[in-house]
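We call the chains A, B and C, going by the order they appear; numbering starts again at 1 in every chain.
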Amino acid sequence: MENSITEENKKEDRDIIRVDDVRYDYQTYADDGEEAEVTHAIRGVDLQIRDGEFAAILGHNGSGKSTLAKHLNALLLPTEGAVWVTGMNTADDEHLWDIRQNAGMVFQNPDNQIVASVVEEDVGFGPENIGVPTDEIWTRVGEALEKTGMTAYREHSPNRLSGGQKQRVAIAGVMAMKPRCIILDEPTAMLDPNGRKEVIHAVRELNRKEGVTVILITHYMEEVIHADRIFIMDEGKLVMQGTPREIFSQVEKLQELRLDVPQVTRLAHLLRKDGLDIPEGILTRKELVRAVCRIAGLADRHVERRGTAADPDQVTVIQDQMR
Amino acid sequence: MSLKLDHVYYTYSEGTAYQMHALKDVSLEIPDGQFVGIIGHTGSGKSTLIQHFNALMKPSSGTVSWNGEDIWGEGYDRRKLRFHVGLVFQYPEYQLFEEDVLTDVKFGPKNQGLSSEEQEARAVEALKLTGVPEDLFKKSPFDLSGGQKRRVAIAGVLAMNPDMLVLDEPTAGLDPKGRDEILDQISSLHEQRGITVVLVSHSMEDVARYVKRLIVMNRGEKAFDDTPENVFDHYLELEQMGLAAPQMTYLMHELRENGLEVDVHADTVEEAEQSILAALGRG
Amino acid sequence: MDKNLTIGQYYPADSVIHKLDPRVKLIGTLLYIISLFLFHTWGYVLGVGFLAVMIILSRVPFLYMLRGVKTIWLILVLTMVFNLFLTQGTILWQAGIFKITYEGLSMAVQLGIRLVALILGASIMTLTTTPNKLTDGMESLFRPLKVVHVPVHEIAMMMSIALRFIPILMEETDKIKKAQMARGADFESGNLITKAKAMVPLLVPLFVSAFRRANDLAMAMEARCYHGGEGRTQMKPLRYESRDYVALAVLLAYFGASIAVHAALGW
């Protein structure tokens, strides 16, 4: 064990999380308690997440992406293989709380992860658990709320918040533990388009400004076009990985995996197949307009509309209409 | 078989300082056989609206009528109305409760007072229509995957043989695969059986693909009621309401402003493709 | 949702009662309830007077507070009527089998005052204290019980989680009920047995959902390093301030006066 830790320390400046050939099986039982059926949820996954990067894991339901996410902060332990978080093995009981503090996790259902009845108290819940002194809890809670833009709601009841706001409270709750990385397990699956934008915007800000490593698990392609790297899972395996452009250049393969491709990317792909000279892997409308105008022999006048639904860059957070 | 709302208001906490109109002077008619989309920002009143369709909510003022009869009139059988206007709530899988899938789907027909053979026939048919494989019929609904549960729940409403099917965000929380399958099935239901469908959605892309008429709700009021193409022309106003037109609409407008003669009404990827090819003289 | 449910609902206001330490309010409520059972006649003037002062100090509108009484008015009326008619003693008025006695009248009035004062007194506590502070207060007061292995922290945590999820589950009940009504379920008609049977489609999904939520929440808490009360710090630890000592002194004085009124004067 000691050897491996020192070995890890050398690598630590690059990889914050390492997943080494992980397999995860679980058993399901029939009604009579007999006939254990073994499900192979993860079948040999290797991946490294670099410090400070924005990584996205995609895949449809049942692809094993959420199971993998739960391995990253020791909520699940691999059947085979090992997971290292900041150089600590998740199977090592001694480091359990260090690992969970360093690798915070945000879940899908906004209601089912908020513990307290007042926003600020919920954000303080994590620091309380790890024994942070009272004065420092207050500082951390204040900072975390500031970073997620929830300061105005600190004394509100979570029940009165919108879905996007609840998720931002959950993110603040994780940030107050001062983690080095945040794992978000489909944080936007239950939100409306505005809530989705709100959450993705908050996460990108944390990554950019605070240097927090982000691992975003999602099935919305539009949310990952700004990621540094994308990993795609299918049937418990990692089937593709690369930068967004590399991934989205392979439209047909993505469709084979029954994943959504951003509409602009799909259109560019179709036009290319129609014989137009359009590069693969177009991610934004701007790129496509430019490419089409070039073909038409028109000067690109850089006319661009503002504020679209699917472009997370253009965040227009709408004032919530609450009862 | 048409549904008509006439100047419907729904007011919370009437007469107090907290008074709020969840619905404000909404009038609309949905004739037989239409495929209608309802879109609006969270809190725009769209959920309140559809609960008026099958008498789960009573308007504070105004009338709701089905086939010309006021559903809040004296002696009107509102429970029966619910068999004609089938409403599928958001996350409908949370209403499943029976021991097995088939029995759960039979709940509606049973409440209709049908014979057990008829109940069974209706349930089997509905499950087939929503694409639930037969080997799941005897399984507990709680053992199914999220997408399968959703289908079973939709079948539970479909088994009542409604004339009109109202679905509140039937694809919420599903992955793209599950979403496309469910929407395709709903659309084929509409085409093959001529059933009236009202689809409440957050996704402009989805409604652009499927519906022929789009109602936009904003702050309890009906903001637009027109074909999707015509509604999307107002994309700047839609943005004011916290909504947006589909990606393709924006793209088409941008191309046109750059001097390319494309059709700004193209709102799906396929339409956009054709329009761009035509504009470039390659169609 | 039942909008009349005032008991247990926090009413935000800036008052001296709101600011008091929850432990003081808990002890105060307990002492006040005991005092109500000491009084017979004129002692109630002391009890009601004290209550009135507290209500004024709390800055919670009196009418708002009365809504809590509304939820128990049936019990109140029934107890009063029973006592009024069924107590033996000097007859004041009689019509057939119905008779009102002096003792009955006095009992009914006393019980009425006692019940209303009890509800109002307890609701001052819940209206001016957030549920979280209340559980903190209980946790702190009952801490000595840890010695006899009562899981005080765990019980307090369970209470605060329950308080957080009650509104969520109520909303959910409403949703499921409507969803089943959309499938033709009938929750209103029929006799008691049919009605009870009709609840199955409501209760099963509700329980399933509650368990799912519990499961999710447990995982979320673990992910945020929750591992029981050991080594845990508090964001808002309870500290007695000088106003709390003053309040305690006032309470003790009131309680002493109640005992004196009861023992020495027999009121």
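The criterion applied here is as follows: a contact is a pair of C-beta atoms (placed from the backbone, for glycine too) under 8 Å apart; a residue touches a chain by one contact, two chains touch by 3 or more.
The structure presented is a predicted model; accordingly, all values stated were derived computationally and were not measured.
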item: Chain contact topology (line, ring, star, complete or other); value: complete
item: Inter-chain pair with the most contacting C-beta pairs; value: A-B
item: Separation of chain A from chain C, taking each centre as the mean of its C-alpha atoms, in whole Å; value: 43
item: Inter-chain centre distance, chain A versus chain B - centres from mean C-alpha coordinates, in Å; value: 30
item: Contacting residues of chain A [partner chain C, same complex]; value: 73, 75, 97, 100-101, 104-105, 107, 109, 111-118, 120-121, 124-134, 137-138, 141, 158-159, 173-174, 177
item: Residue numbers on chain C that touch chain A, as the complex places them; value: 130-132, 160-161, 163-164, 167-168, 212-213, 216-217, 219-227, 231-237
item: Chain B - residues contacting chain A, complex; value: 12, 20, 41-44, 145-147, 172-178, 202-205, 219, 235, 239, 242-248, 250-251, 253-255, 257-260, 269-270, 272-273, 276-277, 279-280, 282
item: In the complex, chain C residues that touch chain B; value: 172, 175-176, 178-186, 200-201, 204-205, 208-209
item: Chain A residues within the chain B interface of the complex; value: 60-62, 162-163, 189-190, 192-195, 219, 258-260, 262-264, 266-267, 270-271, 274-276, 285, 288-289, 292-293, 295-296, 298, 300-301, 303-305, 307-310, 316, 318, 320-323
